[in-house]
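Consider the two complexes below, in which chain A is the common component and chain B and chain C are the respective partners.
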Partner chain A sequence: MAATSPDLRADAGAAPANGGFLGWFLAPERRGALLVTPALAVLFIMNIFPLLWSFGLSFFNFRANRQGVPDFVGLRFYERVLTDDDVWQRFQTTAVIVGSSVVLQLIIGFLLALMFAKEFPLRRILLMLVLTPMMLSFVSVGVFFKFYYEPTFGLVSWVVNHFTDERFVMLATPAGAIAGIVVADAWMWSPFVMLLVLAGLVSVPRYLYEAAEIDRASWWRRFSTITFPYIKSLLLLAVLFRTIETFKLFDVVYIITSGGPGTSTETIAVYVYRMAFQFFRTSQASALAYIVLFVVIVLTSLYLYAVRRRAEEVS
Partner chain B sequence: MENLGRRLVPGASLALVLAALGGATAAHAADITITMAAPDWPPTRFMKEEFDRSYKSPDGNDTKLDMDFIPWPSFYERVAASLTSGEQKYQMIVTDSQWLGSFVEGGYYLDLTEKMKADPELTAIMRDLHPTLISAYSTYPHKTTQQVKDAGEWPAPNVHYYGFPQFPDTYVTYYRKDLFCNEKEQKNFQDKYGEKLPCTYDDWENVDWVMWKKIGEFFRRKKGDPLGDDTAKDDFYGIAYQAGKGYDFSTMQINAFIWQRGGSIWDETKEPEGQAEGVVNSDVAVAALEDYLSMVPLMPPVAKTGQMDIFVEQDLYMQGKVAAMVDWVGLGEPVLDPKTSTVSDVSAFGPAPGTKKDDGTIDRTGNIGGQPFVLTTWNSDEVVKEALNVVKWWLKPDTQMKFAANGGQSGLMSVMADPKYDTLRPWNRAHKEMLEWQRDVWHIPEFFELLTQQQEEFDKAITGQIGAKEALDSVAKFQQETLEDAGRIE
Partner chain C sequence: MAELRLDGVVKRYGRTVALDGMSFEVGDGEFFCLLGPSSAGKTTTLRAIAGLEPLQAGSIAFAGREVTGAPVQGRGMAMIFQTFALYPHLSVRQNLAYPLARDGKARDEVRRRVDEVAELLRVGHTLERRPATLSGGEQQRVAIGRAIVRRPKLLLLDEPLTNLDAKLRHDMRTEFKRLHRELGMTMLYATPDQLEALTMAERVAVIRDGRVVQTAPPRDLYARPDSTYTAGMVGAPMMNLIQGRVRHAKGGATIELPFGALDAARWGDGLRAGDEVILGIRPHDVRLGSDPHALSLRAGVRLTEPLGDVTVLDLAARGAPLKMVLREEVASRLKEGGEVEVSFRPQDAHLFHKETGVRIG
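Right after this comes the complex of A and B.
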């Protein structure tokens, strides 16, 4: 390799001297940009352009199912969205689902991590099984749980019926439907929290626990003074990451309840979708989507701040 | 040589003429691929199979029908996304009739009025179509069946036509004859209600919603209870009809209740004078919705979650958990297939229940289902001509009879009048009877907004969060505001 590299460089360097366009084009000083260009082009076409386009649309009165030139309306749709009771109700629903789901994920994930931090028979196999839900697609999880909750032949109703002799209609009430979504989301993502917490737990030096044992420290004392300080930044990461993701929750809600009963489980992501593709209020949906994006950016900034702090702690 | 020459010259001339003709045909023949968006279910699958088997272009084209089969639950979103994105993927689309306004106004569906008028075959087809189907599947701005009839012979002046029936659908009653015709059940029902449990088609002609409710109460059994000559292997339910939040899975049935009692939905043919408030939430409409809701507790418990869509009730029926259901004819084939249905050999069909009037007759007015197919505006003249050839082939009596024999329905009155037609599939008689009662919901571009909000309010009522009056008041208010904004109500 050492013998061929200089030759290659020499060839490449000689090309521009020949004056050919290809040689000029493939010159070493341009290769970096050339290699990055396809990725940037895809990013621009698939992400940045639609993002800018939809941002522009949010200032016009445009509906995708109508012909005609859109009127410029300035911030009217932002004002309409922010003063719309329905939007705030969807934000509240989203907050309830995010809060409940993330807390449940933290509890389950933390308990699972405590369990898997110790060695026991079949630990590796069990760990793989526990991680399976987060590897499934949202659609699969949605369909699984829709069938679990089905009152006529679903597993949950069947078990309850065994004890009460009555069918259990979980999704018939707003509270039951929200609980159903929270359980499905927590089932899927608790393993992710477990992984993060487990990473923290295994990084705690053993000698600290040994010293605590010599001092006869209580379980709580050991947890609060040794374990928690080591995992707290990872826990914060888990909270932020799961909050951001759950805030955008769409698939599972859409499949399990379609936002029902009524609109009681309609998250903000489902509402944006319906506004855009069912009501065809394209501009208004764009404005709402940017408000949601703003919230996500704020949460992401917090997430990045937590990552930086964790990196500083580790270093 | 001279003789040979005399023989060869005309022969060669004939060969030249034939070659020239052949060349002329070859010059017009083209390879055409028609991509059609279609819901993935038996009526469209059959169309594709039959096309591949029997379609020959009258213009000598090598035509391929490339059907993009889309699952029902995402059908509207996929079609809407394709049309509004501007990708111009489809040359033909199987569309729900209610989308006509949205996609005509969007500039996507082709106005076929002049082409229909100019082509004697298409004119003959339009004159042979059932007026309800012309009204629902073809006219935009919408004309009612009565307006189509009043206009006399097709075409009516100043009316625009867009679609042809791909599959006209109505809902009918599916029932278990092993239970309804069972002697013990018959006797028990007679003892309890003093009336005959419907068994034959003629019996079902007399079933109204009051009787339907009794059937719902009567066949409600717990696991282990006697059922027919056996015992119920699981909890069992008497009745089912659509009560789902998705798409139009409660509106279609609720509209029937409202219309049958003399109520009304907002009438697009009366714009801009026709109001929503006071009409949509009239006392008659509220009473009709209350009646609809009163039967939900008698249905399988999934109805209480607002998820009893047309597929869920079909599944429950096929699993043998329901004695009778009201559902679309288009979902009939799987019910008769022993591979998918546990009740394939004991199912029979009758007209859907209706509302008994003071004179003893039963009003079965319902909301038409099924779909027309339309052409898109970006097709070249050559593709439009070939697509219309496909329409003519599909609506030929031969093709339509084959379609009807394989679970489809025809919209041609000449085909339906054939005595053989009723015997082709067990639901054909009921479908023909129900077709006379059909109306359609709105066709305006605001259709989906109106439908979605209405479905939400109906869902709240179905799941017991609000009452019928509150639901319809909310629907009426929303419709009034939306339609005023759109300039459809003054």
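Right after this comes the complex of A and C.
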């Protein structure tokens, strides 16, 4: 054996018989690093480098559609972004969408979880159907809802027109447009909240409900003293996770309303995109993107804190 | 008057029969025990009485009222679960006050009742803690407290001592007896442990495959088991059960056993020659030394099990195993592998039909 193929451990010290550069290069002590390198390279090129580069750009006066060496401007773009009324307007729009969508997801997800916590015929098939929206891509969800809201042949307008004679254009008013986006996002992500809540519901031991029944507790009391404590931390996880995700909402908004009418549905993510790729204020967009990143990092730490607390409770 | 009456209760889970015509009566204020091995139907019986299991047949009456099919809440019973089932997110105080919430009592009244129960069960120092931080014994007492706090007419106890260690079990047995005396409520206690049944209950129902096979006060159950099943279940160490055959000889009927013949005059004419029987003799009734009025035999000492004050001897006589109990001083003089002369008297023996297991005489 050793004569034909070198023992894997034998080449650790001395160079193997067929040695040379390749033997040195593939030595066992280097194999771990070699296996990790491609992944690290991709991560660096696709994530870390752009991240650092754009961070650097946010301190220079740079526009991607102009040539020339950019000037160093320090924190000027951060100052400009933070004092810009438009930016605060976009943050507000985002907050409204995040708030309503997360609340709607919680309510629907919670009710679905209560429904699916019990056994009933066709439960598995229905559960699969209910989970489908979550697995669709953002783009297809955006396109679905764009067609639903379409004023001439869309389902929503068609139904409303049965009751009123006026032509109904869902996305024509700011409120209608925001509602349209919220409904699409909630439709897509309520199943996610349901999954988390369902996990909490099934972890409640049955005998506690039986004990409570014998102790003559009302439905509400059983819920508030037994069920809710078990799903509390999971609900918090759901809220934080969905807040972080909805905060970054882009695709669905871009496809359904592109931020309109006017700028009434322009979320912060859409605004960053337009600033960067329509107005080519690259550095200013970078600065704003970093402010958004900061907000997301704060939310994420809250999320991780909640995860840890849940882990402690379960153990 | 019977406080609780079960009449032909049947419960099936799919094709498995859990309760197969369970019937018994419990008197007002009685400490009644259901004794049976696991999966005999004890827990299902308690759950059926509490209303947690819908029945396929039979009826349950409680306090002079038919409760079959009635909702759990209205039955006026409390139950202690094997798992204690304390509410993990509530403090001990909130756990104890839980069953009182429905009655709309004043806060002071609730507080007073909780303190009273906590003192009775000696868990006063744990009131502000969560159940998970308590020891097993404390959790057990809180579970009892929660069950008795609203003074139910009937307390159902589902193997409440199974999850405790031996020392604690002993203490809790005394505790249950004390509580029963002090509170005077009807108690229905399910256990697989004959010792718990014998020490606490006023009457015991032996359960087998979802039905009652014998109901009697502990003393009678021990003295006159109805069947080999009860005989094997009650008493420790377990009763010796030896196969034999009835034979008519000149001097009258005898029972032929592997190691000799026992005079069967005691059982009179009930025995026919050739009947296959099982003879039961309690280890405590096997004596050392021979006796002219008894069946004497020589047996080899296979094993000794010292229990402190007494020692259980595992004997073999002509291949038939036989256990006996001796005081430690006596037993210490015997050696494993040696031989002893032992005897037992007909009046101490129990006789059962081999085929049916039913008692004769």
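One rule holds for everything that comes next: the second predicted complex is superposed on the first by the 295 of 315 C-alpha atoms of A that agree within 3 Å, B and C clash if a C-alpha of one lies under 4 Å from a C-alpha of the other, contacts with A are read in each partner's own complex, and residues count from 1 in each chain.
Just so we're on the same page, contacts are C-beta pairs under 8 Å (C-beta built on N, C-alpha and C of every residue); 3 or more make two chains touch, one makes a residue touch a chain.
Since we're looking at a predicted model, the values are computed, not measured.
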Side-by-side fit of chain B and chain C on chain A, or clash: fit
Once both complexes are placed on the shared chain, angle at chain A toward chain B and chain C, C-alpha, multiple of 10 degrees: 150
First, second, both or neither for A:309, with chain B first and chain C second: neither
First, second, both or neither for A:76, with chain B first and chain C second: neither
Partner chain(s) touched by A:214 [first = chain B, second = chain C, both, neither]: second
In the superposition, chain B vs chain C on chain A residues touched: B
Partner chain(s) touched by A:229 [first = chain B, second = chain C, both, neither]: second
Chain B versus chain C as contact partner of A:248, first or second or both or neither: neither
Shortest CA-CA distance between chain B and chain C [superposed frame, angstrom]: 52
Residues of chain B touching chain A in the complex: 77, 80-81, 83-84, 102-103, 105-107, 222, 234-235, 245-246, 300-302, 304-307, 316, 319, 321, 445, 448-449, 452, 456-457, 459-460, 462-466
Touching residues (chain side chain A, partner chain B) in the complex: 64-67, 150-153, 157, 165, 167, 169-174, 177, 257-264, 274, 277-280
Chain C-touching residues of chain A, taken from the complex the two chains share: 205, 207-208, 210-218, 221, 225-226, 229-230
Interface residues, chain C side, partner chain A - complex: 47, 50, 52, 72-73, 77-79, 81, 83, 85, 87-90, 94, 98-99, 101-102, 146
